[in-house]
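The same subunit A turns up in both complexes below, where it pairs with subunit B and then with subunit C.
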Partner chain A sequence: MTGNLRIWPIVLLLGIVSAPLIIMYVFQVIESVAQPQPGTLMPGEINLHNWRFLWQELDRGRPSIWTATFNTFIFATTIALAVCALSSTAGYALSRLNLPGRPYFLGGLIILHAFPTITLIIAIFIVLQYLGLFDTLLGVILVKAALELPFGIWIMKGFYDTVPWEIEMAGVQDGASRFRVWWELVLPQVKPGLAALGIISFLQGWSEFVLPLVLAPGSETQVLATYMYSVIQDDAKLDFGLFKAIGMFYSLPVILVYLIFQKQLMNIYGGGTKG
Partner chain B sequence: MELKLEKFTKRFGTTTVIDSMDLTVNSGEMMALLGPSGCGKSTTLFAICGIHRMNGGRLLFGGQDVTTVPAQRRSVGVVFQNYALYPHMTVRENIGFPLKVQRKAKAEIASEVGQMAELVQISNLLDRRPAQLSGGQQQRVALARAMVRKPDVLLLDEPLANLDAKLRLEMRSEIRRIQKETGITAILVTHDQVEAMSMCDRIALMRDGKIVQLDTPEGMYRNPKTQFVAGFLGNPPISFLSVTAGDTLSLGEGLTLARPQGLEASGDIVIGIRPEHFGPQYGTGLEGVISFVEPQGREELVDVRLANGQEVRAILPVGDPLKTGQHVNWGVATDRILAFSQDGARL
Partner chain C sequence: MSSRWLGVGFLAPALVAVLFFFLLPVVMTVMFSFTNMTTATGITGGEYLLSKSRLRQLEAEGVSEETVERLESAGYQITEQGLAALAEEFGEDRADELREDYMGESFTARRDLERVLRNLNDDPIRRTRDRKAAADLFAVTILDERFPTEPAFRDALTESGIDPADHDALVKTAYTGWTWTTDNFKLLFELPATLRYAMNTAIYVVFTLAFNVGFGLFLAISTFYLPQHLANTFRTIWFLPRILPPVMYVLMWKWFTWDTGFISTVLSVFGVTPINWMTESALNAWTVVVLINGFVGASLGMILFSSAIKAIPLSMLYASEVDGAYRWDQIRYIILPQLRWPVLFMTSYQTLSLLTSFEYILLSTEGGPGGSTTTWALAAYTTALRNYGGNLEYGFGAAYALVLVIIGIILSVLYLRFFNFKELVAKPRIEQ
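So, the complex of A and B:
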């Protein structure tokens, strides 16, 4: 009883502080299926008119939502895979191998992690243009993955640092090559970190807006974020209901991922960053 | 297989940890590298298994030079202090891993793992994971994994340090049994003199990167070369007294001991008296006051403070009640006194 009594004020306080957020989410859902009259908050009649983008073309010249969804999915998945592959190897090298200039690598990682990447956008634009990767999905993927890497490598290095040295020595003594030791003995120990990193990179890719907007403005390479942007930019007929429904559609996978992978994500937030 | 270190030198940066050390471990022998922490015993072990590169000297396995052979291709099994089992594999996979690396057939791996598990008596645990095992069981798995390749040499790095006292006693005889049964050449690194004395054929006592004395446990205990060796071996430890050697050994304050036979030195020297060589069973001779009594069940540890302020330790069977502050006059087994010069060398 006393435990419950003591916890109530905290719950109340948190409730008040997070009420605006919760109300926003609730109305996001309500208004995407039921249009309130202008000026009131009471939901009106329920219909799926706002969700029409799922089965019909909104207007000419706009790609289907499914193209954008597919692009976003490819975009986010490729980024997650690339970040995992490179971070798991680079993190190991920084944690265990006697590289020349290792302290500078580590320092560079932190600087890059803290660097406001948006200031690089012009330079990146020029580089992509020069390489012929401007307005391609591959170009944006490379840029986004590269920007995510410092975080990923740092996290993975932290996880590798917690794996006991002796496991590796034992593996070497058992006759396995250094690569095999890494692949079969060390990598399984950092799996939780790798899983969390993969999920986080996926979500980062899923929610990326500025890079696709600037570096891949064509309609063929639209991702959901830029798709939404182009819907609301359409000044001829402003349709907030439609916008909210697309927003819902866009955030559903994120919510799902969080619900399914809560445990894995806690690994990083909870204690993985002992770097 | 005989193992030989010749002029082994190891440096970390500019510090020389071990300077041209020679060591020969005979085939089938169990040798202890004993010493306080920081004496270079683990460094020696890691050089033998190939994890540390040697800065000088040669390492020979049965006459064959393996100094530059990488760790993977040395025929060495290692048991690490924390066992270093692979947490994501079952016991069966752990023991089988060295064989899997050798690309042996599945059936062959299964039968060899089975034999090994039987030797270390863990056949019923093969499907568990390391986290589900007790310390002693993990130790057995580590031992099985180190030996499944049938290495020429088995290296044990403080294998009992993480076990509780009872298990330690059990594993001590277990490891010795397995070593004898397989006839493998083994090196045990430890800082615990009891472990070294009870498990090994010979002991190499190290200090500051040098082997101070290499002898059988009994030889080293009875006949230490230096004061350091005498002080390191024996539990409870030996007591050292400063004396002036003349016609008798004078401790000051009128206390004297008879001169041991064969002692030629005179002047200020240090003598060592082991606790079992001091007590009422040797008559009288040293007068003092009991300053501390520590019951140990079967025996009692008694500290006696002499009139000159120095303390002598005795270990006695429990019998007459002894109390702190009691006045005693006990004798010393004179012929067992160890004498050292002031700088620690044996006289």
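So, the complex of A and C:
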């Protein structure tokens, strides 16, 4: 930041510690289209052999990648919509409305936000079986959306807290109901927050692995995460080229979303739930 | 509309979700941990079934010899059910004759019933094999028969004339469903593996956390001193592991460390035999597991700490430089004190999430080699939900999970006290 300090030692040091990641990224891209010559790292001929999963069956009995992609898209989109809808109402209630027992709800929300939900997976697995929702996309969507809710409500409450009171006061004094005030005056104010929450929930849904693995193990309900996992598990030859191509296909939407919404994500991701 | 009811309506959907997928599972984890639920017992109630193979063990379980013999040597009785079967296979006429003369009669030995069948007036069954098959249609036995309820099973026992003293033991043996038990916790304390899982978890949390915080600090401070575009490049490199799907991120590590991957290929130039660097030894496995999690966690630290550093007034930093402070002094006396709270937050937040997370371990080493990287959370998952072993032990797995649930609740309540709670719950100002 300042003139009298040299920066090259820092760049060098950062470059060295970042080397493993940079190597991984570079070869991830290269080897998805070029088979390396055996025993070396030099890329060979460039071809689309690794991308054959897009137009042909990989093994007998494995669903097509397009089924998995469709499932993943439905999964991530529904979760994003559900989380946005429920968080925007619940967040508003907690931020602005005089509820009975409001302090307890807020306290509960903070506890839920910190609570590691993954520990409940055994019980949720059995609850879904009781409800008849085991191995359905709907079941795993409900679970994932519910588990993302505390984070969503927390974020939305934060955004509502920053909306000036005067806006609502003006609306209420003009005789509008609280609902109309929320819908017409307050909600537009938190649109950026809602958009960011939607993007994050979509990415979380797109990347989710453990929940579909446990709660929707059937081939009809496979999402890209479980699809890719099972391809890696079942392949005795360790065809890293194929794995990398599938990984590229799977990660492209994530990378695109990241490139487009980089700024918003950097600001809000700090509160995420990954280890 | 009163804001009170609007609030209740706005909150209700979220509350239902929380009820079904947080509170109910917490209660059920407690319940399941006190059952012997497995794939074999099923998750709903069971039936009552005495199988032939179980018969041999009965005596060891205190059932009298007489009862076992009684169960084994089934009697024969002429019943409508048996007659209907006979009519189907051997003709109406024979069945009618048998019904007229012998309805309700019992035979202890098959020989006796066979004699009757041989001596039918109208149309005796002549071939020995046919007679045997016909006699078997009238066999009365409760072995291998399923009874939906306990009373139905007890009635059947009474009918077969089994000593009432043995009924309770038989009911217990025959039940195929799950029962309440505290054995899970006894087993938890007895198994040497439990201590190992606890130790592994401690290693995992301490080392990963140290890496996350230390490396997060390093990234945040070092990128702070770089020009904007360089800083952004490095931040992107370190942020990607966080947003890439875990399956994809761990795949890159597999390629990096496995025997056909990067490290082995590079080292083979120097004549080193290719090995799987991820699972070659416990030390290697731990290094990789800590790095995989650490790279993801460090990016969280980088983001949190970077924004805290940005909050420091620039004039303060300039002033220190005018005063001749070295960079190290600047970090030591201005930046680090500013980061005290973010570091504390990150430590407490990640302690809990690392204690309970197993996703990256499952994807990379799967707890190996030989269980050396199996943490408590992974053990709970493997016991209850991993499909390879065949029988999934839900009850025992829930006992492992319960320990984590309790720790989770205690720690998150403690964190709640850390927040400035009064300010958080200040009344909405719009209400009079």
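Just so it is clear, the second predicted complex is superposed on the first by the 243 of 275 C-alpha atoms of A that agree within 3 Å, B and C clash if a C-alpha of one lies under 4 Å from a C-alpha of the other, contacts with A are read in each partner's own complex, and residues count from 1 in each chain.
Just so we're on the same page, a residue touches a chain if its C-beta (ideal position, glycine included) is under 8 Å from a C-beta of that chain, and two chains touch if they have at least 3 such contacts.
Quick caveat, the model's predicted, so the values are computed rather than measured.
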item	value
Contacts of A:Ile30 with subunit B and subunit C, given as first, second, both or neither	neither
Greater residue coverage of subunit A in the superposed arrangement, subunit B or subunit C	C
Touching partner for A:Ile111 - first (subunit B), second (subunit C), both, neither	second
First, second, both or neither for A:Leu185, with subunit B first and subunit C second	first
First, second, both or neither for A:Ser177, with subunit B first and subunit C second	both
Contacts of A:Ala195 with subunit B and subunit C, given as first, second, both or neither	neither
Which superposed partner A:Met169 touches (first subunit B, second subunit C, both, neither)	both
Intersection of the subunit A residues that touch subunit B with those that touch subunit C	169, 172, 177
Residue ranges of subunit B in contact with subunit A within the complex	49-51, 71-73, 76-78, 80-88, 97-98, 101-102, 145-146, 149
Of subunit A, residues touching subunit B in the complex	164, 166-167, 169-177, 180, 185, 188-189
For the subunit A and subunit C complex, residues of the former touching the latter	1-2, 4-5, 7, 10-11, 13-14, 17-18, 20-25, 27-28, 31, 39-41, 85-87, 89-90, 92-100, 102-103, 105-108, 110-127, 129-130, 142-143, 145-147, 149-150, 153, 165, 168-169, 172, 177-179, 182, 203, 206-207, 209-210, 214, 217, 224-225, 228-229, 232, 238, 240, 243-244, 247, 250-251, 254, 258, 262, 265-266, 269-270, 272-275
Residue numbers on subunit C that touch subunit A, as the complex places them	1, 3-4, 6-8, 10-11, 13-14, 17-18, 20-22, 24-26, 28-29, 32, 37, 43-44, 208, 215, 218-219, 222-227, 230, 234-248, 251-256, 258, 260-262, 265-266, 268, 293, 295-297, 300, 303-304, 307, 314, 317-318, 321, 327, 349-350, 352-360, 362-363, 377, 380-381, 384-385, 387, 394, 397-398, 401, 404-405, 408-409, 411-413, 415-416, 419, 421, 424-425, 427-431
